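Multiple structures are listed underneath, in structure tokens.
The same chain A turns up in both complexes below, where it pairs with chain B and then with chain C.
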Partner chain A sequence: MSVTRINVGPVHPSTHGVFRMVVDVDGDTVLGVEPHIGFLHRGVEKLVENRMYLQCPPYMEKLDYIAPMAMGDSYISVVEKALGVEVKPKAQYVRLILLELQRIASHLLWLGTLCNDIGQMFTGFMWGFRDRDIILRLLEDATGQRMFYVNMRLGGLVRDLPADFEEHALKTLDYLEGRLADYTDLLEKNPIFMERMKGIGILKAEDAKDLGVTGPVLRASGVSYDVRKNNPYYAYAALNFRPAIQGSGDNFARYKVRMLEMAESIRLVREAFKRMPDGDATGMQIRLITPKAQNRISTVSRECPRGEQFLYLVADPQKAYRFSIRSPTFINLAALSHISKGQRFADIIAILGTLDLVMGDVDK
Partner chain B sequence: MDYEIDRNSGEFLNAKKEMDMLVMESMKSQKVKPNVVFAKLSELTKAFSGSIVQWSRINSLWPLQFGLACCAIELMAFGSPRIDAERKGYLLFRSTPRQADVMVIAGWVTKSMVPEIKRMYEQMARPRYVIAFGECATAGGPWWESYNIINGIDQVLPVDVYSIGCPPRPENLFEALMKLQKKLGGKVED
Partner chain C sequence: MSINSIYGLFVSGLSSSNPLTFLVSVVAYAIIIMVIMSVFAYLFGWVERKLIAKAQYRHGPTYVGKFGILQNLADLIKLIAKEKMVPSNANRILFALAPQILVAMATLLILLLPFSPTLQATNLGVGLLAIFVILGFTPILLFIAAFSSGNKFADISGQRSVLLLISYELPMMLVIASVALIANGYNLQHIIAGQSKFAYAFIMPIGLFIFFVTMLAELERTPFDLREADSELIAGWLTDMSAPYYALSLLLDYTRMFLGGLLIAILFFGGWSGPLLPPAAWLVIKAFLIALFIIIIRVTLVRMRIDRVLRFGWAWLIPLALINLVLTYVLFG
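Take a look at the complex of A and B:
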């Protein structure tokens, strides 16, 4: 046995940002992967501790920049908890709709880059980005921004949904439902895709629990844990949400979970539109002085597209005294070296693709 | 025909004359069409190098496939069907700096990333251009107070075009590249 050490990154076309790993290989078999992170570290937690509550959502949204809505929502939720603000009933539904649309957009981007990573299936990349752009147009209608929305306010949103939003959204969802079938056809009938997905990078349920991975990666290993189901927030309990679960824990299961999640999100948004109560969804205006914090310590847990994000806030009257983020992708990255042992070298890229890392979230 | 040799340059003096006569004769006998040019290859390239090379350089700016942070998502959207960068010649995102003309700095620049960016810039073939894409690459953006951020890539590399926004839309990158083309002397249709 002879060990060769190969450096991958930090600038590499398939590492989704600036991620460096040092791989030990024997021939083509991987013996160990050592991730090196921190190339995007900018100290979000410290910056949040030095600013007033409502100056911070833009910083939080730049954590996971593929799903900024989810990040902004979880931050505003923990501040709402600290300040003792109730979310308006209609705003709960509107937030759910926007979050689920964001989840579909995020998964489509993941699908596009995954197709690009494993052997230049450029069709998947083009399709994914085309459909994501359609959802971004919807979100732009609702919020006024293309990428960083900053549209959550205490107790609600900056503005209510536009009048024709429901019609446009339902039309888009009909289109997307047909597209999902196209994606399944394109990918699952492709022998190259299946070769690189089935039976590669298996993460067993016990290992997944020990490593603390969350989100689609955990559900692909057969563990039924979804914050939307186990600890429901907003209107998820009322809408009878069913998490997508697969058992095999390989690349294909992680791919399939995300595909099923997109279908479930489409169903959730449709149902939310049907059940949305009348009323007002706008939240409090931004003021320099916010109401004084009620609770000293507040925590909040949200199911973001990449896993469970957990926020811990120790409150001072006007700003956070201590703020801590449990990034889902940082924990999921821990599984990389575990599941790529014994695989072929080229499969690391496929495993990295299905783990769905966002380095901005890993490095904070 | 006798050949005279110039002692200083070592060239045949009457070789050119003979070649001209040959050309004239062959043109008269319609063996060669008049739009064919006879010249040394080196002279041809010298005559056309300025305009042809410049023209092709301006119209095929190939960006480096290199994204740092959020703006990189818009960089990817720039190549996606809605924007379709290929119609203007910003054709291929090259995976290696050796084949790229333009480096788009898309995202915040941390202190640990500076040596890597410098190394990639040095690997690019001249002439090379840099676009600072987004607030962070332009001036630090929202992270200006952070302990690990360089406030603007222009502290490290010479920047040709700045494009601001947080993040700038993909259309902004289009505009930035068109500005770069104009800067190089190209006539660009808006």
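Take a look at the complex of A and C:
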């Protein structure tokens, strides 16, 4: 057999956006994968440096367009830190609730696309999107937008949760809990699915640390690192949060971590509703001119659905002097060629699926 | 002339010893079968879309015609009206011919199947063997079609086609042999007559299981749709096919699915035999139900990996098929 070089993407059913990889195969065995990125580069870091603080959240939310809430939150957090603004106690809980709902929505979309990647005829895909939409409707209730919310304000949110939100949300969570059981039935009771996932694409804990991967991919390799636990923000420390950890580091572990994370998020939201203090969650209602920056350099680290997002901000009085993003998927993508060596061609797509890339976030 | 007398003339023509009469009847029969097949493929395409949509909480086609029944026609017109393109590094003749030959072969297979005690193009003594031989050609033709397009994804698809062939052809043949063992021969009418008391599905369920699984592989249906694996190979051997050829391949897809249903119905569920309804109707109903089952599998399962398919074929299906053969021989031989 000779080596065949195959170009996968940028237009390909399974590359999740505009991603291109060059795969060298010997028959069906992969010798090497070379990712090519940058098709979706929008220069967000530079854009942020050229605009005032409150002009930037819409740009930030378009980074990881599957989980815009998390993106907007981490940006506003770093600005709050730079300006020395405290988040109101109730807003901490409201933000946590919205972020966890966003995490479930994001993982549901990932689950749907994963089903497609391993060759199911769009069933899991449609199910995932349908359930995600129910959460998007909830978030629309809370923020007024389906996808790009821009609802974070300095010190809180643009408005408090609507009165009937808790009732709707709890009902939705009950429904989702049943659906998670359905997904588990559909997939884990299926020997072919298990065969495609177990023992495929193993990423060892050591390699995972060396490569710097974060989020569910890292926890699937057995490393107990979750920003929500190790460096808690908002109300995570007050709630009884347990990160989902698996040991084997294969496709199945990455799948399982996200499934467990969804269950954990459901639990967290319920607990947060119970413990939420009374009061006001609205932030500073200012259009453009922010208070003067207190700290020259501020950093913030947030557990986004796809991993740890780390923001670095050097502050000028009214805008960022230097702004830098450590996007989780960009680093996680580095693991692709490492994991893929020696795997089968069909499994590359499954590995790509379990790494859960969003090209907007990779390319920035 | 009444319909019955035309039918009688037709059937006597098919069994005529005069070569000219026979030829004319067979050609007429083939045309009728092709028309019926196309109508069936059309209807089945619609049923599949609706059923898959139901499983996925969608509506499926709704706008064109009542319940969207004309949607496939609209799609067909769109596909045929599109430009016929052949990639510059493709073998033009093979590329254009392969899908057509494939459709022709699927039709040929259906000609050999008995739709009633008399309605059959020719009642070969080795009918089942002939069918198996023609079926065995299909993956090779697919291989040729894949390589003629000169696309790398199609190349991989062609390789997989051959790998699939060696993993499922042998168990399928063993099952066919055990069917022949019970029926005392390869004649399809004998096989159906042999099931007048008990369908072979009840006599050898293992055989039915193996035949069904190998048929899924033969038809490129999930979990064995490796040749068209859309997530990794885009569309496999169809990647570079422009619209008219693709329309043909869709026709082929449904024709072959119906064919698979027909074969399983004949070998394991008593073929055309059944009360009240005319024989051909019984056969079509059985084939339809089996094809529906194939669709349900399609929306549920995920795709197997090619090396696992090979292992599954050699480590499970072949030993099972051998056990089935031995059991059949001991109990009924």
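Heads up, the rule we're going with is that the second predicted complex is superposed on the first by the 362 of 364 C-alpha atoms of A that agree within 3 Å, B and C clash if a C-alpha of one lies under 4 Å from a C-alpha of the other, contacts with A are read in each partner's own complex, and residues count from 1 in each chain.
Please note the rule applied: contacts are C-beta pairs under 8 Å (C-beta built on N, C-alpha and C of every residue); 3 or more make two chains touch, one makes a residue touch a chain.
Bear in mind that the values here come from a model prediction, so they are computed numbers and not experimental data.
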Contacts of A:R130 with chain B and chain C, given as first, second, both or neither: both
Which of chain B and chain C A:H41 touches, first, second, both or neither: first
First, second, both or neither for A:P13, with chain B first and chain C second: both
First (chain B), second (chain C), both or neither touched by A:M147: first
First, second, both or neither for A:I118, with chain B first and chain C second: second
First (chain B), second (chain C), both or neither touched by A:E195: second
Which of chain B and chain C A:D28 touches, first, second, both or neither: second
Which of chain B and chain C A:R344 touches, first, second, both or neither: second
Contact residues of chain A, present in both the chain B and the chain C interface: 13, 125-126, 130
Chain B-touching residues of chain A, taken from the complex the two chains share: 10-11, 13, 17-18, 38-43, 46-47, 50, 58-59, 62, 65-66, 109, 113, 125-126, 129-130, 133, 146-148, 359-360
Chain C-facing residues of chain A, complex: 4, 6-8, 12-14, 25, 27-28, 115-123, 125-127, 130, 186-187, 190, 192-193, 195-196, 344-349
Interfacial residue positions of chain B with respect to chain A in the complex: 65-70, 72-74, 76-77, 80-82, 95, 107-108, 110, 112-113, 116, 120, 142-143, 145-149, 166-167, 169
Contacting residues of chain C [partner chain A, same complex]: 52, 55-58, 152-153, 155-156, 159, 222-223, 225-226, 229-232, 234, 298-308
